[in-house]
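Structures follow.
The following pair of complexes shares a single chain, chain A, combined with chain B in the former and chain C in the latter.
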Partner chain A sequence: MTANYAIETYDLKRIYKIRGPKRKDDPAERVALGGVSLQVARGGLFGLLGPNGAGKTTLIKILSTLLLPSSGRALVDGLDVTKDVTEIRRRISMVSGGETSGFGLLTVEENLWMFARFYGLENADAKRRIDEMLEVVGIADRRRTKIADLSTGLRQKMNFIRGFISDPDIIFLDEPTLGLDVTAARDVREFVKRWLRQNPDRTILLTTHYMAEADELCDRLAIIDSGKLLVEDTPAGLKKRVQDEAMFVLKVAPLGKPVEGDRIEDVPGVQRLAVTDHDAHVELTMALTGEDALPGVLAHLSRRGAGLVSLEKREPTLEDVFIQLVGRRLTEAAGVEA
Partner chain B sequence: MSTRARKATGITLFWRILWARAYPRIVGAWREKDWLFFETVVPLGTTAGFVFVYRAAGAPPEFAGFAVLGGAMTAFWLNVLWAMGSQLYWDKDGGNLELYVLSPGPLMAILVGMAVGGIFMASVRAVTVIVVASLLFNISYQVSSLPLLILVFLVTMAALYGLGMIFASVFLASGREAWHLANLLQEPIYLVSGFYFPVSALGFWVATFASVIPLTLGMDAIRQIIFSTQSNIGFLPVETELILLCFLAVILLALAWYSLRKLEEIGRRDGRLIERRR
Partner chain C sequence: MAMMSRIFASPAVRRSPALRSLLSGLWLGWQIETNWANPIVFITYFIARPVASLTILVVMYSVIAQDILGTPFFAYVYLGGALYLLAGQIVVGVSWVVIEDREHYRVAKQIYTAPVNSYAYLLGRGIARFAVSVLSVSITIPLGVLVFRLPVTWSAIDFPLLIVSTLLGLIAMAALGVIIGSYTYQITRQAFSVGDTLNGVFYLLTGAVFPIELLPEVLRPLGYLLPSTYWLELARRALIPQPVAFQAISSLNTETLLAILAGMAVVFAVLSVVVFIWSMRLAKERGVLDVETNY
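Coming up: the complex of A and B.
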């Protein structure tokens, strides 16, 4: 039986009980997922974009059967995550960013062989797949290197092979490029895209807080914050939501204190504003109702004695979508990932 | 990758997982040779101490052999405590536990693989201790039945590593406290299980109580088989001890299977499988 969706969740909730010593007024529990409903179609890459602590990892752990939901329902390939555990595990795999799995004294190919056997692959098939994927990922020359001697980037490439070696129908990538340098992250993204081209019937669920990564890879995207799913669409569709507005980035130095009742947000035509402090200047990212609102903003800055360093009009990004939905930048959203 | 991977299920999957997990330990035994030196020298020192005490006290010559046997068997006890009991705890910290649980096979296959690898590693050390100490102290053995010796050893290992699998669940559930638990168990067992002397010397009730640890009956039976000229050293007849060991093996392995299932259930419910907490 083929399920309509690769992944379905219905009002999925997960509440963590906070253990250990705590003060009287500390909360006894924390809501990691506050009722998430989501349908991911079969085939392609679906992204979950959100800051640390948004609930992305918790959702992935539930879908990958490592964690039970507190309430609600989750189906993977049409199978219930609370009941059909073994059958789901046969069909899925997972790769996490910063993963340190494996045994340091084993070589790359030995580690991969071990994990392939955990999924019941035949010896010859496991070795053939390892050979092929080492070539594809570009670490064939490291096959006999002990993994304790690998750099972070090389180790994550090995982790990727580990995740894909079992030939999963659905794979969960949890912040897979976390901590990687630009080149290694690009290689990993290229690998993902190539795998999906070769296997169009497979599904990848990617969590990330890198907007460029989400924009580049995802066919569809959901934005999640504080355990709630805020919106879901294609990256282009999401950006279209803020297309009617004019996006400007202004760098000013210095930006004096605002006068009560005369803040930038109070200038007619300013829809939203995100302020980022840098050493030498302040960056103002703002959405205006139109370009004709700009003179008012510049006049306001002039009143506050701010010198204009640069002014740039740009196309809307996913960050703008996030700011519109959440009211702050993705990078400003602090918290601890569950 | 054009063709779909064929994935085994059932017993074949269990078998493949078992040997895949045993592999790092079997290979590791040869790749990191320094451990062999340190883990052989220390028990040799303890063994030598007992041998000299026995000889100074004028004990029968077989008592030196008892000490050598005890020195060799410590390898298995230490392996069960530190490489079985606390292993899942370290695996959780390193990220392997999630991948074990995520794979479609039973966690029991992983644990049995660890046990097989652990028995191999500990056997290398135990054999080294026996060979070196026997040559050093001129120990002679009178084996009454080699097949019986092998059978008793294998059943003892099955029961002992079944206990190790239970420890793995308990240690994982108790987190950092597992460390203290392992420390607490390590030394007293040398005494109550009669590692360096016949356990019958402790009296019937202490020996009975200590028999919960399979090494107590296992070593007592092995002692009786390999020092067959010495009479009245056994706690119970070898055949009785073998039956009790079989019983213990079944009970402990069944309990291990149950506790692992329970651990996974609780872990999924409370989030303990995915937390990084020390």
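Coming up: the complex of A and C.
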């Protein structure tokens, strides 16, 4: 059976019951997904970008048959996640980042072998794929090492390739680079890109809260926040939405005191503003209607006694898209009152 | 390892998820339980501990009754204590596997998204625990013969009875293990204490070291519901053909006991499948299949 889409959801909802709320007036339920409808075409990498708690993992768990939806429908490869569990599991795999788990007393090779058996792979196939993947991510020399003796980074790499040895049609990667150092994270991204180039008919659904990662990897992506999908487009298409604005990053030290009734947001031409407090300076990221709005901003800053450290115009990023949609930054950073 | 590879490579195994999962569970369980890289752990758990608890038992009974060594009642107690280890390993062992996978190895996500027949996989892990305990019993029983004048003689052992009753018992007890394991999926906190508690309770209820007839009347029916009760009695009869002074369920002859155990094997097996499927669904509904509590 060939479905049109790799993944489809229709008004998918998931509500968690909170067991034993700590206080009387704590809510007894939490809405993790508040009606998500999504179609992911076959082939390529689809990204879900959203902050912590947005519902990304919940969606992945439902699609990978670990969790039942509260209502709505979800299809993977045209199969219903509530009914065709075994058939779906044959075609998918799931890797979640930060996952350093495993049967500690098995070696890397034994562990991968066991999963190859779970999928009923032929010995020759399994051996070839395990060899190849170990080589690609650079842990071939550790194949006889017990998992318990691996560093967490290497354990995460091993778990990552476990997701690929069964040669699945659809792979769910839940924040695959979470907690990895810069080099390892790059290795993982390179691996993903290479694998998709070699297997263009396969689909990867990847979640991340790193916008640069989403920008680099995704063919299409959806932004999710508080259990709702906000937009879905190509990274370029999303950025185009904010391109008619001028993005400026101003570093000031100090920011100075706002004068009553005279806030930066009220300066003519300021569309949006995000404020991040760094140790030595405050960073103002603002979207202006155009460059001609800049003098007004600078005049405001000097009125409140702010010292300008640097000023930079930059290309719009997915972060700007997120700020436009949600009204706050994607990555958590201390916000201060402006 | 080489032999395992050949078994897994056979088309019959590759094509059947249940067989693959059972054998993977067995293989993995054996690796975990024997952990030969650390013989100290193995010796402590499977030899030193049972020997110690049996010795305590022997000493306690010797204080109460003089000249007890070598008597049929002593045999009853010693064999019950030694064999119960096997029953406990499988009845409570499956629960342990559920908790271990989820909380200790934290592989629930990996296993329950793979095309694994989880019932068969758990069964395999449980049977591996049982198999390892056979090693332990094959040390504690000869030790009883040598040191405590346990009246077991090789030539008098009724092997057909021992094998048939152990197979039936294994099916019934493993199925009961899966039922308890199914319950374990649902509890997220304090899950670790469940196994130990049940192990202790069953030890008292099943007539391992004193006849069930000595239990308060209200508790006796619980003992009669446990397959280990019948298996222990049958295994004792197979090992010591001469009648034992206080027989639990002593009025029943061997054929009746076998029939009861066979019936239990069927009933528990069917029940375990139903309960397991229901429990998996409930766990997915509640979102606890892969839950990791910080213990």
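Structural remarks
Simple rule for what comes next: the second predicted complex is superposed on the first by the 331 of 338 C-alpha atoms of A that agree within 3 Å, B and C clash if a C-alpha of one lies under 4 Å from a C-alpha of the other, contacts with A are read in each partner's own complex, and residues count from 1 in each chain.
Just so we're on the same page, contacts are C-beta pairs under 8 Å (C-beta built on N, C-alpha and C of every residue); 3 or more make two chains touch, one makes a residue touch a chain.
Values in this document were obtained by computation on a predicted structure and should not be read as measured data.
If you put the two complexes together on chain A, you find that chain B and chain C bump into each other. By the touch criterion defined above, A:67 reaches both chain B and chain C.
In the superposition on chain A, contact of A:199 is made with chain B only, not with chain C. By the document's definition of touching, neither partner reaches A:212: not chain B, not chain C. In the overlay built on the shared chain, the residue A:259 is in contact with neither chain B nor chain C.
Residue contacts after overlaying the shared chain place A:236 against neither chain B nor chain C. In the superposed pair of complexes, A:299 makes contact with neither chain B nor chain C.
When both complexes are overlaid on chain A, the residue A:119 reaches chain B and chain C alike. Residue contacts after overlaying the shared chain place A:129 against chain B, while chain C stays out of touching range.
Residues 16-17, 61, 64-68, 86, 89-90, 92-94, 96, 99, 101-103, 105-106, 110, 114-115, 117-122, 162, 166 of chain A are contacted both by chain B in one complex and by chain C in the other.
Interface residues of chain A, counted against chain C in their complex, comprise 16-17, 61, 64-68, 86, 89-90, 92-94, 96, 99, 101-106, 110, 114-115, 117-123, 146, 159, 162, 166.
The residues of chain A lying in touch with chain B in their complex are 16-17, 61, 64-68, 86, 89-90, 92-94, 96, 99-103, 105-106, 110, 113-115, 117-122, 125, 129, 132-133, 162, 166-167, 198-199.
The touching residues of chain C, counted against chain A in their complex, run 5, 8-9, 14-15, 17, 20-21, 23-24, 27-28, 31-32, 35, 37, 105-107, 109-116, 281, 284-287, 289-290. Partner chain A is touched in their complex by these residues of chain B: 1-2, 4-9, 12-13, 16-17, 19-21, 23-24, 27-28, 31-32, 94-96, 98-105, 268-271, 273-274.
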